[in-house]
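Got some structures for you, see below.
Across the two complexes that follow, subunit A remains constant while its partner is subunit B and subsequently subunit C.
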Partner chain A sequence: MTGFVTPKLEYVALLPMLIIFAGAIIGVLVEAFAKQSLRKFIHSLLTPTTLLLALFQVFANKDLVTTNAAINSVVIDGPVIIAQGTILILTLISLLFILDVDSFAPEASALPGSEEERKALAIGKQQTEIFPLLLFSVAGMMLFPAANDLITLFIALEVLSLPLYLMAGLSRRRRLFSQESAMKYFLLGAYSSAFFIFGAAFLYGYSGSIQFSQIRSAVVGSSGNDVLLLIGIVFLSVGLLFKVGAVPFHAWTPDVYQGAPTPITGFMAAVTKVAAFLAVLRIFYTVLDGAIWQWRPLLTAVAILTMVVGSVVALVQRDVKRMLAYSSIAHAGFLLTGVIAFNKAGLESSLFYLLAYGIATLGAFGIITLIQDSQGEVTDLNRWAGLGKKSPAIASAFAFFLLTFAGIPLTSGFIGKFSIFSAAYESGNIAVVVVGVLTSALAAFFYIRVIVLMFFTDAKDATVTVTLPTLRSSIAVWGTAFLTLILGVLPNSTLSFIENLAIFTR
Partner chain B sequence: MNPYVPIIAVGAIGFGFGLISLAAGALTGPKRYNRAKLEAYECGIEPSPQAQGGGRFPIKYFLTAMLFIIFDIEIVFLYPWAVTFDQLGVFGLIEMALFILTVFVAYVYVWRRGGLEWD
Partner chain C sequence: MLESETLVVLIALPLFSSGFLLLAGRKADKWGHLFATAIAGSTFLLAMIEMFAMVGREEANRALYQKVFTWISVGSFNVDAALLLDQLSICFVLLITGVGTLIHIYSISYMSHDPDRRRFFAYLNLFIAAMLLLVLGDSYLNLYVGWEGVGLASYLLIGFWNKKPEYATAAKKAFVVNRIGDLGLSIAIMVAFAVFGTVTFKGIEEQANSASQGAMVAIGFALLLAAVGKSAQFPLQSWLGDAMAGPTPVSALIHAATMVTAGVYLIVRSNFVFDNAPIAQFAVVIVGAITLLFGAIIGMAKDDIKKALAASTMSQIGYMILAAGLGPIGYAFAIMHLLTHGFFKAGMFLGAGSVMHGMSDEVNMRRYGGLARYMPITTITFGFGYLAIIGVPPFAGFYSKDKIIEAAFNLGGAKGIVFGSITLLGAVITAFYMTRLFMMTFLGKKRWSEGQRPHESPFLIWAPMVILSLGSIGSGFLLYSGKRLEYWLKPVVDKGGHKHEEFISHATVTTMALTAVLIGVAIAIAKYRKDIPIEAPEKVSIFTRAARKDLMQDQINETLFMRPGLAITSTLVKTDEKVIDGLVRGVAQVSLGSAKGLRRIQSGYIRNYALLILIGAAALIAAIWVVTL
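Presenting the complex of A and B:
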């Protein structure tokens, strides 16, 4: 019998994730012991502090030579550092909206208008469990791109998903709708996890190892049964593409994005995409690179379908959140062209695109939380008419984010789209680039339609107002707009920062 | 002999046993139905009446079951640790202490939030 050896854990490399986990556990203890009235205050200090500490540690780890930590189950390389930094920055921004906007049900299990609901409101109960849940989810997202074997990848996927399922059902307004979306998300997510683990089992059967490096050498040497490899690739891709929201695994996206509390929708759209895409990039760039001729046609079809369906269906949406959900599907398609490119430029441009898209998405969903009437948020597009006259500043910011999504020059979206399409062009995947450019033009139509609606249509509804609860929302809205502009006008320092770090280790 | 043959044989015997027992019971047993026999079995207590007011039902059993899972998972990791205790030494002790502490946080949360109160 072989002996067990004490494993060596590279604590410094793992520290950012450990900090977040520790913060989340302290958050649970706060929920258990702190007085009801104090909880939100404590969380409002604890959560940002945890995120900032982790962010600081990520940047301190920047110059770390690439490390395999925890017996090769986690790898910390350049793209992981960038992804973790991006995840933490985006979470900090979305935290500003989560803290500010009162869009969570105090007693989520209570039916609206029931006795429990009245009691909870009477004692001034607030939803505070969202903060530890958020931190757990962030920890999973930070681990997801860093996973270096299939088991760690799966654990990270579950750690990031489970809190999201819960958070999607916590909306204060339209409670049943929100709960329905959480249920849909959970059931479909569990189903896709099953596909994922099934694919992982096939890859293990093919290569005899769960380690990425050994799966890679098995693929390169094509030593095993190719049928197992192909089934493994397909099923693993299904699990990953579900998280990304690519067609034909996108059906949950509009329902969940519409039903979830809007700050959480922003968080899901921006931050989950970073984690999921980095994992997709790692798998296809470093693990399955030997099987590129098998997966590239598959992903090309998925990318083209995703771009077309996302852009076309978004045209007919009457709800702002649903429209942005379909827009996020289209963006998933654009990001998949970076995976198909399969070169260093593809990786770099994907990382930049994720940062730029994430910031603009948070800003756009943040603004939706501010457009309210007496019943809460207004998401019906018709009632947004004439918003530009009521509040020119906020409407301009929203228009700016829409132009970013459309990829108009001088916004970060343009730089992102340009670099990701040129990476795909360089690699010779012309078809995907042509479809990408055409659907971008198509998508620009519905973004501009909203701008026209806001600025050149008379207001029909006087009850709709723009509310800025506190300074935090203003900082978040203008901060994201400013960052989007900076990334569009002066992208060079960010691009070169990414260029220096973005090398996967195998 | 193929090593899978005994496994298939055991599977076939197990399946056959279930099938034969059910068939024998159905064919030879008396069929006298009464009210208690037709009720759903819920851990030996009377089945809950229809949920009142909006379809809500008590989740007491559910909470207990979830609580059980916390300790279930803990035991899953305690056994291998007990087996390799000598080889892992102080490292194993510290890591397991951290792990148990983390699990305990979940338990404390349930306790403080009233998950252990039956009514």
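Presenting the complex of A and C:
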């Protein structure tokens, strides 16, 4: 009798993701049933607890390796463990800012400037759906690098993206701007998803399977010049490169980073990158490795373009969030050199870079939430002049993060850049390294310009103040600064931890 | 080697005290100087205890070693912060802490009117700590820390009265000139590490015999450069005269007795390097010979009592360096002269300070004269130092200088005659300028103005001078008799037990040396018995004029180094402005221009963004098609 066979699931391996999904669903139930006034309190306990539980479980799973966690569709290996751990840690940090600042609209459904909005503001309402949305997104991000077939990969991509589209539109201030950016993000995201799914279809057409392992054996066995395969590679890449914000698929980044609530911008910049890059690394290292001579030149061109455009356009930005957006584009370019390297060092250094960059990014965006006037955050760089005199501690922390982005020694950014460029150099991609180093130098200019502005220019604008950070955001700011310093001065234990785990399982 | 747990206390005590006094602020003004003196005294006591313990041990067990902590551990490069107290370093430790303590006591009274007395004492303690580290370090790198530390203390103390710009300049000059020497030390350390893979004295000594000649010569010359800078030897001697801007106790401690002799210590400590690099060793002799004459000639023409003494210090250290360059026959005598010199020169500097104290800080000897009647104790203690330095038996300098002259002659051959004669000539000149100094200051008619009221200094000032004068009398015989110091140092500086050939008998040398002294003294008496003009005469020979100007050393430095240096810097600045900045500005212009262009893509319209993505995808397809062709 060939009846229904219960699928075999490895619950332990899936547990971290299941915990997050469960937390998210409980969060939705809280939204449905708990009293309005209690919701934020419940979420403020539920969300971190969920994330911490998942983090412990990820750590407990760290020696687990399986490709069969859920009928061949999920793979758990060292890089996945590191990625999931990094995602959870970074989310926990960004949660400190999300909880702390009322950056979110009181009632998203109310029209901007309407009577309802005013009422909602008056009674102190807050859109607390942000917390379950965050958890859903995190769950998607954890699944994204663990996907072992094209359908799972696509579903994970959508699960992580859809909540982000929503969250981007939830800014409390300048709501129209925020909603516009959310709309852009959504439309372009849908557009790139179309490319992605098209690419998946071509790859299926080429190999006759959605399984990574079978696509791989089809690629390895061929000359790699099949039209179906090539178009599949390109379209799939477009979808993935859109998510990491590589040029020319980056156009949404500055607009969305600027419009989204700042804590969410930080979350997107730091955490989404981890998930997206891990997926990119897995696809190119373990699925399409047979076609390296086809995709490597493409990615090299994209990486060079990304580094150059990101660094050059950042030079003329007058808004700190837009500047950091371009900086994140440039960093995506640096990270692509780790993909191009196509060796173990490339994987290790990418993992380290993602962690280091994510921590510093969260710290930097967290500080932006603290720089305010009566209308809310001040992101115009001109108005940051003289900040170093008004509040030296916060300005110094921000300066430190900028130095990290610039890759100055004794910061984690230096170790990250150094190791990722070394990996690319080892693999013989010298042109990319040269461009990387030159654009790093160029990028240092606009980072240091901000430092000069903060410390050596007199304040023109007395209305800008630094809100007194609460305990939570103090912990977040100084904690990220401390971690950045530690990863810069004593990176060895982290590096060797990554080194031991960074082996893809096919 | 025996392990010790307590060596570090010697350094930690004054270091801690220095930091404490600097941080304690004005509250400690009342007792800071006493605290610092007590600390210096305790280090001296500790040093005495170590000394007696060491004498009590078997010769093989005399050296003590203490690893304080692992300093650097990078791959094959391992340096421990470790201390080594052996027969050589104990001599220095005793000299530094002993003379140091006396000078602390002296300074209590000497600096009593200075509002910053506490800071002064903090610096003195800092100096003691750094100097002790210098002589106790077990590796060149540890020595280097002390070396820089004494440089810092010296800088701070020369410029102690930095409200006067020329004093601050003098401090800077000393610092800059010393940097050149320090460069030598750091090069020596790097070469030593590259060649031997270690920087400890022990580690290098073990491999010294098998090392290449080139490496040894390179290290030797680099070390010599370091010694030349720190010990104010030719050609880096120009800073010492200006360093007299510091308070007189500083001149006595740092610029006469201890720090300036660090170069001698370095060479004697590095005996295993120089013994294996004869060329470098010979260069040491030449440097010593030149400097001993150079300093002596300058000393003849100086009217400033402190500058005359400084020139004499330079010359006497020249003797030590020369002796150290003679190899195993000379090391012990270099150290012996260093120790006796420590006593008599420090004593004389303190005497000069006492004179200045009684003469309202007048330093021009032409405005002294006949002070013996007013300052009997100063005169007598200074007189002992004077007899010691010119080498009259049985005073200290007689034994130590005599042995250096003898050793120089014993080089043998033409070399022996040349260097022996130079040391003898030096002895003549030394006797001349010291007699001149003594006569101009203490004897003859009074030449000071009516307002001056010369008087003897208080107890706290003269007591240290008395103690040091005892050293000027007895230390030479004590160290010399029964070859005491020679045997004591043998395990450190003369392990091979070299045979010393004798080309000249001891009696001959003594006779010649005493004759030299007599000649010098006689000329001086003949010349300065007459009245001495209050203003320095203008019509003098070109040699005198040159000597008054320190033999043109500043002018030479200015023409040879400073002017070309300035020219190079200004050229570099111009290159930087025109070429490099121009390039940078050009790159910036291009970048900004392209940024403005690229920015237009960012129109804000979704349709444009979507088109961009489409174009990108199309371009990638085109590219991959090209790649696979």
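One rule holds for everything that comes next: the second predicted complex is superposed on the first by the 494 of 506 C-alpha atoms of A that agree within 3 Å, B and C clash if a C-alpha of one lies under 4 Å from a C-alpha of the other, contacts with A are read in each partner's own complex, and residues count from 1 in each chain.
One rule holds in what follows: a contact is a pair of C-beta atoms (placed from the backbone, for glycine too) under 8 Å apart; a residue touches a chain by one contact, two chains touch by 3 or more.
All figures in this text were calculated on a predicted structure; none of them were measured in a lab.
Q: Look at A:456 in the shared chain and tell me whether it touches subunit B only, subunit C only, both, or neither; answer first, second, both or neither.
A: The answer is neither, since A:456 touches no partner chain.
Q: Check the contacts made with subunit A and report whether subunit B or subunit C touches more of its residues.
A: Comparing touch counts on subunit A for subunit B and subunit C gives C.
Q: Between subunit B (first) and subunit C (second), which, if any, makes contact with A:11: first, second, both or neither?
A: neither
Q: Using the superposition on chain A described above, determine whether A:114 touches subunit B (first), subunit C (second), both, or neither.
A: It touches subunit B, and subunit C stays clear.
Q: Tell me the contact category for A:29 with respect to subunit B and subunit C: first, second, both or neither.
A: first
Q: Flag every residue of subunit B that touches subunit A in the complex, lowest number first.
A: Its residues touching subunit A are 54, 56, 84, 87-89, 91-92, 102, 105-106, 108-109, 111-113.
Q: Considering only the defined contacts, which subunit C positions touch subunit A in the complex?
A: Counting only subunit C, the residues touching subunit A are 587-588, 591-592, 594-596, 598-599, 601-602, 604, 606, 608-610, 612-613, 615-617, 619-621, 623-625, 627-628.
Q: For a test of understanding, state which residues of subunit A touch subunit B in their complex under the given definition.
A: That would be residues 3-7, 25, 28-29, 31-33, 111, 114 of subunit A.
Q: Provide the residue numbers of subunit A that touch subunit C in the complex, in ascending order.
A: 183-184, 187-188, 191-192, 195, 224-225, 230-231, 233-235, 237-238, 242, 247-249, 251-252, 254-255, 293-295, 297-298, 301-302, 309, 312-316, 442, 445
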